[in-house]
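Both complexes below contain chain A, partnered by chain B and then by chain C.
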Partner chain A sequence: MGANIYKNKKPLWIFLFPAFLFMAVYLYYPFLMNIYNSFQSITGLAHASKGLNSPWYSNYVKLFQDKAMRTAIVNTLIMMVVTIVGQVGVAIILALLVDNIKRGAKFFRTVYFFPIVISATALGLLFNLIFLYNKGMVNQFAELFGATKLIDWKDKSYALFTMMLPVMWQYVGFYFVILITGLNNISEELYEASSIDGASKFQRVRYITLPLLHNVICTCLVLAVTGALKVFDLPWIMFRSGMPNGATWLTGTYMYHQTMITGDIDYASTIAIVIVILGVIVSKIVNTIFKEKDY
Partner chain B sequence: MKKKVVSALLSTVMAATMIAGSASAGMGTVEAAGTEEFDTSMLTKAENPVELNVTTTFAGEDGNVKNFQDAVKAYEEATGNTINDMSGTANEAFKARVSADFQTGSESDVLFYFNGVDSNEFVEAGKVMSIDEIREKYPEYASNMDDGRMGASPVDGKNYSVPVNGYWEALFVNTTVLADCGIDVPGPDYTWEQFLADCETIKEKGYSPIAAALGSVPHYWWEYSIFNNDTPETHLNVPETVDDEAGKAWVAGLNDIKDLYDKGYFPENTLSALDEETIQLFMEDKAAFLVDGSWRVNGLATNCQSDPEDPSTLDTERLDKFAVTYFPAKDGRKATDVLGGLSEGYFISRNAWEDEEKQAAVVEFVNYMTSDAMVARFAQHTASALKAAPDVDKSQFNSLQLKSMEMMAGVTSFTAVVQDLVPQDCRTPMFDTGMPAIVSGDVTPEDAVQQSLDLMAEKAAQ
Partner chain C sequence: MKKKKHISLSTGVIYVILSAWALTTIYPIFWIILNSFKNRNEIVSNSFAIPTGDLFTLSNYKQAFERIGILGAYRNSIVISGIVAVAVVLFAGMASFALVRYHFKLKNVMMTAVLAGMMFPVFATIIPVFAMEASWGIVNTSSLWLSLVSVILPLIAGNLSFAIVILTGYMKGLPIELEEAAFMEGCGPFRIFFQVIVPLTKPSFATVMIFSFLWSYNDLFTQSFFLRTPKQYSITALLNMITAQQGTNYGLMAATVTLIVVPVIIVYIFLQKYIIKGMTAGAVKG
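Let's turn to the complex of A and B:
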């Protein structure tokens, strides 16, 4: 009787079905509708379609001619690099450092994870004040060190840096916690054995920690890269409508602008499809490059 | 495009009527009611209390947020009905939300919203009640208002909304900065040439002459610069081509803004700053001029209070350094020709009207929110459409409100804003994303105007 419970898989379907139904209604159906909408003419949120665009693929042609879209894609790709280096890279370093201290590890875990629990909107407002032109925190520090002229940190020359720094800072803690968990799963015996064999600390990291952390790092990279495609809230708070002069568009912010400000819903749908395609391609590339290994 | 011309004509009629109204009733200017209790004697306790969904623009920095919330609270206590307040700041995202609500049939029962082209879509679809329809059953509905000044819909010239408070747009000045530069506060004969000369003096003294965030809120400069290149009579004409009279005025207006930008009269971060950042420059004596709406009077006063919720904490000395005057005039336009009007009002949705349980409640709610006493409380130093405006008691006013009253007394004409006749999605080539491109030379004013006209033509064709 007891063994039959595990052989009969039918009850599993009953439990899987509600989640599948939810996904079908709220994710896959809207996604298919989104593809359909990208060929339609829709002039406002929730407005009925006015028929097919003429030609029906006009949004896809527009996509290639749209300078702002080009900027958005380039900025998003830069954001991906920043997340790989700045989020996962920094998180690895912090995780290795914290893993090697005996006292205060819990304290640092909390400290680094804390930005995750603050809403992106609040962080956007906070960093707006930090980078404020008129006596913001950074400019006040610059004055303390002898700067005589205020710097506009949201000017075209610095805008990308100013936008990406808070995004990077916010999510370091997220990957840090994942990596720390991965580090905890590495057996102490391996380190003890390597110490007996005379391995230095650097060698232990290079030949034990990093190889055994490989799969966790891969997961972090996929999450970071796909997450970079979806970044929206913090950049929108700091750089509404791609300001200054369209220099800070990201695919997410540009899609929102087209939806809520311009009311070009069909074009926004086309951008949404680009975001999905980019996500699939990039995560595939990341998966291929950083293939998970079996140990 | 034909519809646009009709809209413009109707709005011109409205503006002209308002001017006539201003002569007879002081533009319906009324006082702030201060802290006295709300008069709820007109309300009755509901036998079967209902829930009403109400969406307004009394949110964010609007000076009437507290008035609205207090009035709603008093209404709920007196009637037993519940108000679900879904108000939001009147920006493009808010307008998109309202539009989507109407499209999906989930519109609010009562809506305090724009009566210009922004409401066209739901007026055309018959989703809101006209005042005439409501009066067939409730003859006293909005009977305290002058029908000719209520803000008729551009769709068919009928009244659908009941206004409360109007608005005006003008030039706020920081007198501390002006005094330091040896410049007098401009008066009713202020010209564009004097303004340019003053800006140069102010700039040489190390201040920002104009506080404006062209990258996020170019609306006021766009409107007045165009107004400066046409007349009160022609201002509400939407161009059909970039070469017609209205088109030329739009291009000339944009060129004026670019000229100011090129001369360095806007803050260095004007393309990257948010509106509140440049207003802060003005507040902190770092900028001399600020073009803004009548709502800024309360905004500046609130900024001068140690507790934004408590007017008694107002730093009067700080507020005294701000004044409000007329936007500098160019090419024959009188500086005292001011942009303003009654652009918003209370709509009742057809859904709520057809709901037998809600009908009487929504009518009572709007009557209460637009009663003489309530208008007095909300309109303060701005316009109203009341037939009989209450006497002005200036004792409740702060110094900036008094200066506003003084400025309003010298107004020779009010003209509605033409941007209300341009659908928001068609403005983008000249507004938030467009203006930085124009002033920095990436797009010519002619091309920007043409792009907007193309979008309008495309929309009209649909």
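Let's turn to the complex of A and C:
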């Protein structure tokens, strides 16, 4: 019967057409074009190519010689570690704690999640004021506690910390909500059975909760590391163009800078390809280490 | 008796830790709202005080409305995100319906193409998209509407894959009997889609609309590429300009952040259930 309604295949293509037209024109074609561009010489946005680079792979050689690119990759890898430990790790702790309380769970869920709803751009301005050298919230607060010297949070020695802390902080609530949903799916009977068997609270977490959350945690980790590659807004607002002295480059901000400020379009395209390749590699690695399991 | 006391103590510790994190998300917002009513000198010397009496000033807000045109940016952002949200739901809904109900040769290829679309970050498509739109003459123009269109189109494409994944997942679970009944009544596939499928899929449509809207509303990367003149600025592009040009006008920065954050918080408080669901939907399913 169902087959009868949908036997006539003509309407099918009308249904598919708009979505796939959009994806073809705005995703697949530009993606291939971007690979092509990385071998060309293009000196301005929307400028025509001046022909092949000589040698054609010169941008890829440049990647390895470019010190800023090395900083960008190292910082992005650090950012991944921060998102794994700082976002997913903190979220696991908070979720396990919330699972233990009876009142207020909904309140914490609301409050933890809301930084995600606010644009990272606005948060960048907010954190600029918080970490202001002369004198933002943090330095005024330190003064209240008797600190006599102001700390320049955007100085080289603190810059990475100041950039990554807000990024980490913003997304803790996202993983918190995903983990809480996973926790709620664990049957109460398992906990009851284990407490009859005399398991302690810690043993319950170790032998029931964490193994059953395995797949959810795996999803969170993949989202966290691929998310780290896409971070752009907050670092760009707080540390425009890798300041100070190119210490805070990330792959995303460096690509934007090469496009908009340096105008080296073909090199920017090459960096974009590095971002894609890094994304595929790290999500493969996470998936192999934390292979999904069936229970 | 002793045991009970032990439990209540650890519960106390749990509440302290949870509240400490809650404080880190609430206090900064509270702090910036307070400071948006103070002038620059007070912000950098007396930022914890409640702005009353002499401390209180509205001059930051006056600047925000008169000098930087925040209302225009609001309108642009809402137009962009609203159109993106509606278009994504419509196109992704139609495609998902076809992919779930029809059987055809290229079906698996097309599903793979949808999933592949999620692997392309915006970094890897934006430069060719810009070049393409430049050749159509819709970027670098003085026309407000053309430049809004130039942002809307790539944002629609960027949200489609994810939307199709969510919607096909939901539509697979719909019973086909209702469609059969409608077919018996003489409905064609288009009426079936709009009068049977769309009403049944409403909760998922809401999810998709919410995340497309918020992602477009909060996007800086694409918008700062295409919106170049103050008249065309969206909220995020405007904020980017303020940091670059008014980076030391702390009062103005505090007022602008407040004007942007407070409406979002109000909407969030009322729609939080749907917003949280919308923004985490695809993640849980994988």
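What we mean here is this: the second predicted complex is superposed on the first by the 274 of 295 C-alpha atoms of A that agree within 3 Å, B and C clash if a C-alpha of one lies under 4 Å from a C-alpha of the other, contacts with A are read in each partner's own complex, and residues count from 1 in each chain.
Quick note on the criterion: contacts are C-beta pairs under 8 Å (C-beta built on N, C-alpha and C of every residue); 3 or more make two chains touch, one makes a residue touch a chain.
Computed from a predicted structure; not experimentally measured.
Annotation: superposed three-chain arrangement on chain A; chain B versus chain C shows a clash. Touch counts on chain A: comparing chain C and chain B, the chain ahead is C. Applying the stated contact rule after C-alpha superposition, one finds that A:159 touches chain B and leaves chain C untouched. Once the two complexes are overlaid on the shared chain, A:128 sits against chain B and chain C alike. Look at A:208: by the touch rule set out above, it reaches neither chain B nor chain C. Once the two complexes are overlaid on the shared chain, A:259 sits against chain B and chain C alike. Contacts of A:44 after superposition: chain B is touched, whereas chain C is not reached. By the touch criterion defined above, A:23 lies against chain C but remains apart from chain B after alignment on the C-alpha atoms of chain A.
Touch criterion met: A:244 reaches chain B, while chain C stays clear of it. Judged by the touch definition given at the top, the superposed model places A:77 against neither chain B nor chain C.
Residue contacts after overlaying the shared chain place A:190 against neither chain B nor chain C. The superposed model shows chain C running into chain B at a single listed stretch; among 9-17, 27-35, 117-125 or 225-233 it is 225-233. With the contact threshold set out at the top, residues 45-46, 128, 132, 134, 240, 259-260 of chain A are in contact with chain B in one structure and with chain C in the other.
By the touch rule above, chain C contacts chain A in their complex via residues 11, 14-15, 17-18, 21-22, 24-26, 28-29, 31-32, 35, 43-45, 47-48, 90-92, 94-95, 97-99, 101-104, 110, 113-114, 116-117, 119-132, 134-135, 139-140, 153-154, 156-158, 160-161, 164, 176, 179-180, 183, 188-190, 192-193, 214, 217-218, 220-221, 224-225, 235-236, 239-240, 242-244, 247, 250, 253-254, 256-257, 260-261, 264-265, 268-269, 272, 275-276, 279-280, 283-284, 286.
By the touch rule above, chain B contacts chain A in their complex via residues 92-93, 96-97, 99-101, 103-104, 121, 215-216, 267-269, 271-274, 277, 280-281, 284, 286, 424-425, 428, 432-433, 436-437, 440, 442, 459, 462.
The touching residues of chain A, counted against chain C in their complex, run 1-6, 8-9, 11-12, 15-16, 18-20, 22-23, 25-31, 33-34, 37, 45-46, 90, 94, 97-98, 100-101, 104, 107-122, 124-130, 132, 134-137, 140-141, 144, 169, 172-174, 177-178, 181-182, 216, 219-220, 223, 229-230, 232-233, 236-237, 240, 251-252, 255-256, 259-260, 265, 268-269, 271-273, 275-276, 279-280.
Of all residues in chain A, those touching chain B in their complex are 41, 43-48, 50, 68, 128, 132-134, 150, 152, 154-156, 159, 239-246, 257, 259-264.
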